[in-house]
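Naming follows writing order (A, B, C and D), and every chain is counted from residue 1.
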Amino acid sequence: MKRAIPLHEAVELIPDGAICHVGGFMGVGSPHRLLSALAQAGRHDLTIVANDTAMPGRGIGKLISAGCVRRVIVSHIGLNPETQQKMIAGEIDVELVPQGTLVERIRAAGVGLGGVLTATGVGTRVADGKPTVEVDGRTFLLERPIHADFALLGAHRCDYVGNLDYTLTAHNFNPIMALAATTVIAEPEEIVPVGVIPPDAVKTPGALVDHVIGRMD
Amino acid sequence: MEAKELIARRVAREIAPGSLVNLGIGLPSMVANYLPAELGVFFQAENGVVGLGARPPEGMEDPNLTDAGGGFVSAVPGAASIDSAMSFGLIRGGHLDLTVLGGLQVDAAGHLANWMVPGRMVPGMGGAMDLVSGAKKVIVAMLHTQKGRPKIVPECTLPLTSTRRIDLVVTEMAVIEPTEAGLVLRETAPGIGVDDVRAATAAALIVDGAVPQMELGQPAPV
Amino acid sequence: MKRAIPLHEAVELIPDGAICHVGGFMGVGSPHRLLSALAQAGRHDLTIVANDTAMPGRGIGKLISAGCVRRVIVSHIGLNPETQQKMIAGEIDVELVPQGTLVERIRAAGVGLGGVLTATGVGTRVADGKPTVEVDGRTFLLERPIHADFALLGAHRCDYVGNLDYTLTAHNFNPIMALAATTVIAEPEEIVPVGVIPPDAVKTPGALVDHVIGRMD
Amino acid sequence: MEAKELIARRVAREIAPGSLVNLGIGLPSMVANYLPAELGVFFQAENGVVGLGARPPEGMEDPNLTDAGGGFVSAVPGAASIDSAMSFGLIRGGHLDLTVLGGLQVDAAGHLANWMVPGRMVPGMGGAMDLVSGAKKVIVAMLHTQKGRPKIVPECTLPLTSTRRIDLVVTEMAVIEPTEAGLVLRETAPGIGVDDVRAATAAALIVDGAVPQMELGQPAPV
C-alpha cells in the first residue's frame, strides 16, 4: 500500500539536475500541479524528456519559462516560441527525436532492451552519427534507450496500491514512461479505494509507481 | 473555390471506404470536412485516438480529448483510446492506410521535406518522419508555390523527412505522382493548363498524353 | 463496420501451410472454436507461433493431435507430451524461444522494428548462430521479427467496429499478435453493439481486426 | 519437516515487504504459503497477472484466471491484468524484485541450468531465461541432490539458463551464496553439519568461520 504524499514532498524528491520523463502531449495528460510547483520552487538544470514543451504558461511550458530546464529531448517545440528562443540563445540544448522513435527508446529502457532498430530517420539528419544495423538486407538505425531519474506522470485514477488508469488522449507517453525511471511519481486526477479500478482496467500496475501525489488541500 | 478547399476536396477523393487515416495539422486536417460519414473512415491522431470526430459544441469539450494540434475533438462511436506506443505501433507497423501531410518541398525523387528550415524554423519533426516511413500511402497536400517560389524542386534543399518516395502530391494547380521515372502530371485543376503547372514547378514533369482535369465532387460511398 | 462471419467461413480463409500466430497460454485465451474447427477440417503443414502447445485435447493441442502442424515456434512444450513425441519422431520442427523474447519478436514485426536487442539468452544455446550487437559496452542478441499470415485471437468482447478487449490472464499474447499478421481473425466470447466497449477499455483497435467470428449457432 | 516445506519456509524469509515476486511452478510456488499477508507482497505470474492469489474455493474458479502452470488462482484486491508484453516488460526491465526458480544444476560460478536435459527432456525455457536475466534477485529453490547425485557442481554440464550469477541457493541442507570468489556456505539446515553439506556438493564450498543454522520462522511484518 502507498500512502499519498503532499505535493511539496513530491517536489522535494526531485533535485536540481535531475533527468525527468514527463508525460503529456501539448499539456494534455501532464502532471500539472507538480510541474507548476517545480517551476515555483526554482529547480534548475533539469533535463526533460517529453513529446513536446507544450506552450508558454502550460505544463512543461512553465518549467521552460521559469528557466528550470537545461536540456530537452522531444519530438516537437513548434508551439512554444520560448523554447526556440532559449535554444537559439544557447540556454537550452534541444535534441529532436521522431515521436515514434522517442516512445520506443523510452520503452526500450523500461523493458530492458539494448536499443531500438528503426527505419524512421534512415537517410535523414536524424541518422547523423548513429550506427546502423542490417537485418535481412534492410538498414535500420540503432537508437539508444532513454532512462530517467524520475517519471512524472499525469494519470486519470489511482488507487492505494498505486495502480493507474488513463483516459482518452491523456494516455500518450505516460504508460510507457512509468516503466523507464528510477523513481515514478504519479499525479492522478482522482484517488480511489483499492478495488475500484478493476484488474482489466489497470494500465500501469502499482508495483511500478513509487509515489502518489495526494488530493488538493 | 479557395485553394486550400480545392486541395482538401481533391485529397478526400483518394480515401478508400473503411480505411484508417492520419491527417496532419493545418491544411491536411481540412480533408475530413469533405468526406461523407457513410465511408466508415476512421481517423487516427498520433496523440492517441482512433476514431477522431469533429470539434464538439461549445461547453461540451473535454480537456482530455484533443487532436495532435491540441484542439478539442470528439470521439466517434467505436473510437479507441491508445497510448503513444500503440499509436506509433499502428503508424510504423504499416497499419495506417493513408497519411496526408503538409510539405515544404517535394523533389523529383518523390522525397518530402517538411520539418525544418535550417537557421530559421526548427519546430521538430513530431510524428512526420514516422508517418512518412510507415504509412501504406503518403499524400502531400500543399500549395504549389510559396511566395511565388516553386515547392516542387529537382532535389530538396531542406532536410528530408524520409527517403521513402511519397505516393501523391495534391496542390491547388495539379495532382502529381512521383514514380521511379520521375514526377508524372496526373491532373490539372480547373482553369489551369499543363504549361501553367510547368511554369510553377522547378522539377521536370512527365506528361503522358492529355492530362485530365481534377474531379472535385465527393467520392461515392460504397 | 464488420459483419461477423460464421465459423466455417473463418476456417476456409486459412489454407494448408499457413503461418499462424495463435493467442493463449496453456489454452487460456485461445480461440477454441476456431482451433477445434481447423483440426476437424484436417488442415496440414501449419506453422504455429504461440507461447506453448497447451495439452492434448485442448486449444493448440487439438491441432497437434490431428497432425495439422509441421512447425512450432514456442517457449514451452513441457505439458504436451504429443508435441515432444512428434518432435522426436521428426514430424514437427520445434523452435524454442524464451517467452519474453518471443513476445518482443512478434511485437517488432507488428510495430515495424528491424529486430529485438535482448540480453536474454546471451551465452546460452539460444544464442547459437545469432548475430550480437554491442551497445554501450554490453552485448545483446539480435533476434528477428516474427510476422505471420494469420493471427488467430481469443478475445473477451468485440464490437462491430472490431474493437477487442481481453480479461484477466486471457490477455497474454493476443493484443501483441493482433499487430503482427496479414489477416487478423478474432473469436470473442461475446459480441456487443458499437459503443458498449468504451474507448478507454479497447485494447485492440478495430482497425487491426479483419474478421470477427460470430456467435455460436 | 518435509524437505520441500523446509526450503519454501526458508525462501519465504528472503522476501522483503511490499516487493514484487515471481514464483516458478512446483516447489517455488509453495513459498507463497509461508508468507504473512501483512507483508504486502505482490506475486506476478508471467501469464499476465500482478496480484496472484490463492486457488479459489471449488465452484468459484474462473477459466480466464490461472497461474503460469495453468492452475486456477484468484486475484487479490488491487490486482492488475497485463498482457505478455507488459508481463515480460516487468521481468526484463528490472522491475521484478525477486524470482524463485527450481534448478537442475547450479555451478561454482553461480550459473543455473534448469530448462533442458539434452536427449531426454526438452520442455523449453518458458520464461526462465528472461526471469534469470532480468529479475533484481534470483533465488534457486531445489533439493540438494537428485537420486543421490549432487546438483551443485563445479561447472554445469546441462545447457545454461543464463550467464547471470544467481544470488542464492536454498536447499533442504543449506543456504549457499554464489559470489565472485565462489560458493559461500551461509547456513545449514537443522541437524545438518558442514561436512554433510560438503559430502552432498560436488563444487567447492567456502566456509568462513562458524556457519549458523537456518532460521525457519515467518519473517516479521514491518
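Going forward, contacts are C-beta pairs under 8 Å (C-beta built on N, C-alpha and C of every residue); 3 or more make two chains touch, one makes a residue touch a chain.
The structure presented is a predicted model; accordingly, all values stated were derived computationally and were not measured.
Q: Using mean CA coordinates as chain centres, what's the gap between chain A and chain D in Å?
A: Their C-alpha centroids are separated by 35 Å.
Q: Per the centroid of Cα atoms for each chain, what is the distance between chain A and chain B, given in Å?
A: Going by mean C-alpha positions, chain A sits 29 Å from chain B.
Q: Multi-chain contacts in chain B: which residues touch at least two other chains?
A: Those would be 49, 75, 81-82, 85, 88, 92, 134.
Q: Touching at least two other chains at once: which residues of chain A meet that condition?
A: 104, 107, 111-113, 118-119, 166-168, 199-200 - these are the residues of chain A that touch more than one other chain.
Q: Chains as vertices, touching pairs as edges: which of line, ring, star, complete or other describes this one?
A: If you draw each chain as a dot and join those that touch, the picture is no line, ring, star or complete graph.
Q: What are the touching chain pairs in this one?
A: Between chains, contact exists in these pairs: A-B, A-C, A-D, B-C, C-D.
Q: Looking at the complex, which residues from chain D come into contact with chain A?
A: So the residues of chain D in touch with chain A come to 20, 40, 42, 44, 49-51, 75, 77-82, 85-86, 88-90, 92-95, 134.
Q: Show me the residue ranges of chain D that touch chain C in the complex, using the header's touch definition.
A: 45-49, 62-70, 75, 81-85, 88, 91-92, 122-130, 133-134, 159-163
Q: Which residues of chain C touch chain B in the complex?
A: Chain C residues touching chain B: 1, 107, 109-113, 159-161, 163, 179-180, 194-195, 199-200, 202, 205-208.
Q: Within the complex, which stretch of chain A touches chain B?
A: For chain A paired with chain B, touching residues are 25-29, 51-52, 55, 74-79, 84, 87, 94, 96, 98-101, 103-104, 107, 118-126, 156, 166-176, 203.
Q: Mind listing the chain C positions that touch chain A in their complex?
A: 104, 108, 111-119, 133, 135-136, 138, 140, 142, 144, 165-168, 199-201
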